[in-house]
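First, the structure itself, so that you have it in front of you.
We call the chains A, B and C, going by the order they appear; numbering starts again at 1 in every chain.
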Amino acid sequence: MSLSPYAPIIGLFALAAAFSLFSVGAARFAGPHRYNKAKLEAYECGIEPSPQPVGGGRFPIKFYLTAMLFIVFDIEIIFLYPWAVSFDALPIFGFVEMVLFIVAVFVAYAYVWRRGGLDWD
Amino acid sequence: MTTSTVLAAAGDVSGGEEITFWILAPLALIGAIGMVAARNAVHSALWLVLTMLCLGVFYVLQAGPFIGMVQIIVYTGAIMMLFLFVLMLVGRDASDSLIETLRGQRVAAIVLGLGFAGLVGGALYRAMDGTTAVGLEQANAEGNVQGIARLLFTKYVFAFELTSALLITAAVGAMVLAHIERRKQDKVDQPSTMRARFAPGNYPGPKPGPGVFATSSSVATPARLPDGRLTERSTPDILPVRELTAQETSLKGTDQ
Amino acid sequence: MSPSYLAQDPTLADFGRDPWWLVLIKIVFAFAFGLLATLLGVWFERRVVGYMQVRPGPNQVGPFGLLQTLADGLKMAFKEDILPKAADKVVYFFAPTISVICAVTALSVVPFGPMVSIFGHHTPLQVTDVPVAVLVLLACSSMGVYGIVLGGWASGSTYPLLGGLRSSAQMISYEVAMGLSIVAVFMTAGTMSTSGIVAQQGHGTELTIFGNSIPAPGWYAILLLPSFIIFFISTVGETNRAPFDLPEAESELVAGFMTEYSSLKFALFMLSEYVAMVTMSAVTTTLFLGGWRAPWPITIWEGANSGWWPMLWFFGKVIALVFVFVWLRGTLPRLRYDQFMRFGWKVLLPINLVWILVLSGLRSIEDWDSRGKLIAVGIPAGILLVATLFWPNRRPQPKPTTQEQVDNRPYGSFPLPPMDLQVPPSPRITRVVAEREPANIATGSDSREV
């Protein structure tokens, strides 16, 4: 019986999962365990850890914008792939419509750039 | 063509497909239930990742490798990353409270949910029972990706172009919601920082570090000036100033 | 190109026919390749960086220090496994495994060689290939972000959280650049399967530019040079390697997302980083450097591209790319975060988009007659020229002189020396010169005053 060509991907995935889970599990038993309160604190270069702000650590909303832009371009890329693969099979119209699409997304990109959404400081 | 070997599996369910389905379907369900049941918001997002991943593999199983991979890349990769980011914006330990605001609401929700699932499942089963799927071979004749491209860029070209409008909306929306507008003249560059530092009234030297005259090495403890006063200048602005308790200043027992 | 050559190229139909034991052998081989590549890769990196910094590098354990990484790995296994108090236990446990799984799974679609015969089975030297193989790679790399961001989040500590966030923002930014640069490869190859892309690079295409046909080399690194450069830069960003190793910027973030990890969990993160580096080198080789195909001078020999030899060329190319990774680390200082993000979003991305448009435009007018081509190229070029000529440029404001800036400072500012200050020669120097006796070396025409 021959396997589907997708099966080996799952196989390698399973092998890697088994190996890494084994390693992580083994780490609990292989090493020594010498309890020390200071060792279990968060590491802050040797000084006592600073008290965490109330409500847990929050972080800049800047990252949200990056993630959103990433999604926009990821989707654009996903549309570009089938277009690129069957580029020769598509008529010249295919080229024109992709130019329109890229330009449209580029408008959003230019807007974000112009407003300073791509600046980090 | 290998696509044809994969596709051949679509008409009659092959052994491999069945095994994979019966392993992954419970996993997908566990993920979905875990997503609802998990109290920690990030855990809940991670359960959803599991479900999405299983769905991606299901697409591949059903001879739609392109859409399966897209599911993994876009949903599991991108959207979930955004989701995680948003959750982290809320705070690290944001957990749901388990207090019922309406009495009996949880039981009612479970009963109704199960009933709805039963209705949909039953209807689907009745509708699909005995029907055989046709047309997959034709649809994937020139390859899955090529087939999608042919349809997407000819028949569904308006939908495709409209997607760009959706993407623009998403980008602009994110900009409006999350961007803090800063004009060019408000930006503090290095020379102006230096000018401000040496401006009259500002002490240009380094800030006092905790340690020399301090009783603790914590950054949250203010340093002591030579005259014995505490100075606020040594603590970062975001940290609340605090005095250490006697217990905290005592030896930790780490020096044995 | 003789037909015997092409027969060596596996097609998609050759996959999914192996018996299960052959699939198992291939899987174990790919996995062992990943592990061995890490063991040797760490050693290789340390040795090469050592030579670049004029020191020997690890040379004690085993011949040439080859077993140094193995020794380190064993040592790590017997280190204490610390679970920080504030950590989210389950996620902290799983984060390193996610990293490793994603890095290793990507190896499943990398072609190591052409069709060979293993125990009588005619089979391609590749674990598997599917019509969407490159998407499998992208999926692995986009899932790999999770290991890092979750590791940083679950540690319950400030530095790891910052490192994890930075890292994920960096990886997703460079994933966009990477994904876009592959579009050109798909367009030229007309397929997404890795073996198909390698096969397409086997025969040089004939480029017809204005009636003259020029034989072009098959490697996409030459054919699609901008894509290749952008792809390689973004692989460096994607694998968090220097000069883009901001998640682990030890001068700012201690060790980034792996600050709180110890023992084998830390080792797994290291492993995944090196496996990812090797995988990315292998993918770059596959997509742009002709895969397992022999480079030019060797192709004169007929059998260069058949049998088991191509594996050697493949490993040679991968090692060369890993060397470039190490070379970059030994040469370039780390970028600042804002410079890094600006580079990704404002340089790589627009160049990439424009390049895709130009390439697709050129390809779609390939069959036109020369007059049509001239019009199709000339009109956009003309518009571009006119736009650059008449682009309104802002008049630069006259910059105040230093003296004006000094005069404008408010009263009581930090005292400054006069701007035209001539530093007088130090009195000590004159004294030294004055007290010194003239050197009495030799009498002759070549004696010099000291």
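FYI, contacts are C-beta pairs under 8 Å (C-beta built on N, C-alpha and C of every residue); 3 or more make two chains touch, one makes a residue touch a chain.
Here the structure is a predicted model, which means the values were calculated and not measured.
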Winner on C-beta contact pairs when A-C is weighed against B-C: A-C
Middle chain, criterion being Cα centroid separation: A
Length of the line joining the C-alpha centres of chain A and chain B, rounded to whole Å: 10
Mean-CA-position distance for chain C and chain A (Å): 17
Length of the line joining the C-alpha centres of chain B and chain C, rounded to whole Å: 26
Shared-contact residues (touching 2 or more other chains) in chain B: 2, 5-6, 65-66, 70, 73, 77-78, 81, 88, 92, 145
Chain C, residues touching no fewer than two other chains: 12, 15-16, 130, 135-136, 156, 161, 165, 172, 192
Residues within chain A bordering two or more other chains: 1, 3-7, 44, 49-50, 57, 59, 63, 67, 69-70, 74, 81, 85-86, 98, 109, 121
Residues of chain B that touch chain C when the two form their complex: 1-3, 5-6, 40, 42-43, 46, 49, 56, 65-66, 68-70, 72-73, 76-78, 81, 84, 88, 92, 143-145, 198-201, 204
Chain A partner contacts - residues on chain B that touch it in the complex: 2, 5-6, 9, 15-17, 20, 60, 65-66, 70, 73-74, 77-79, 81-82, 85-86, 88-94, 142, 145-146, 148-150, 152-154, 157, 160-161, 163-165, 167-168, 170-175, 177-182, 187, 210, 216-220, 238-240, 242, 248, 252-254
Residue ranges of chain C in contact with chain A within the complex: 12, 15-20, 23-24, 26-28, 30-31, 77-86, 93-94, 96-97, 100-101, 103-105, 107-109, 127-130, 135-136, 155-159, 161-162, 165, 169, 172-173, 175-176, 179-180, 182-184, 186-187, 190-192, 254, 259-260, 263-265, 267-268, 337-338, 341-342, 345-346, 349-350, 353, 356-357, 360-361, 363-364
Residue ranges of chain C in contact with chain B within the complex: 12-13, 15-16, 88, 90-91, 130-132, 135-136, 138-139, 142-143, 145-146, 149-150, 153, 156, 161, 165, 168, 172, 192, 410-414
Of all residues in chain A, those that touch chain C in their complex: 1-9, 11-13, 15-17, 19-21, 23-24, 26-28, 30-34, 39-45, 49-50, 52, 57, 59, 63, 66-67, 69-70, 73-74, 77, 80-81, 84-88, 92, 95, 98-99, 102, 106, 109, 113, 118-121
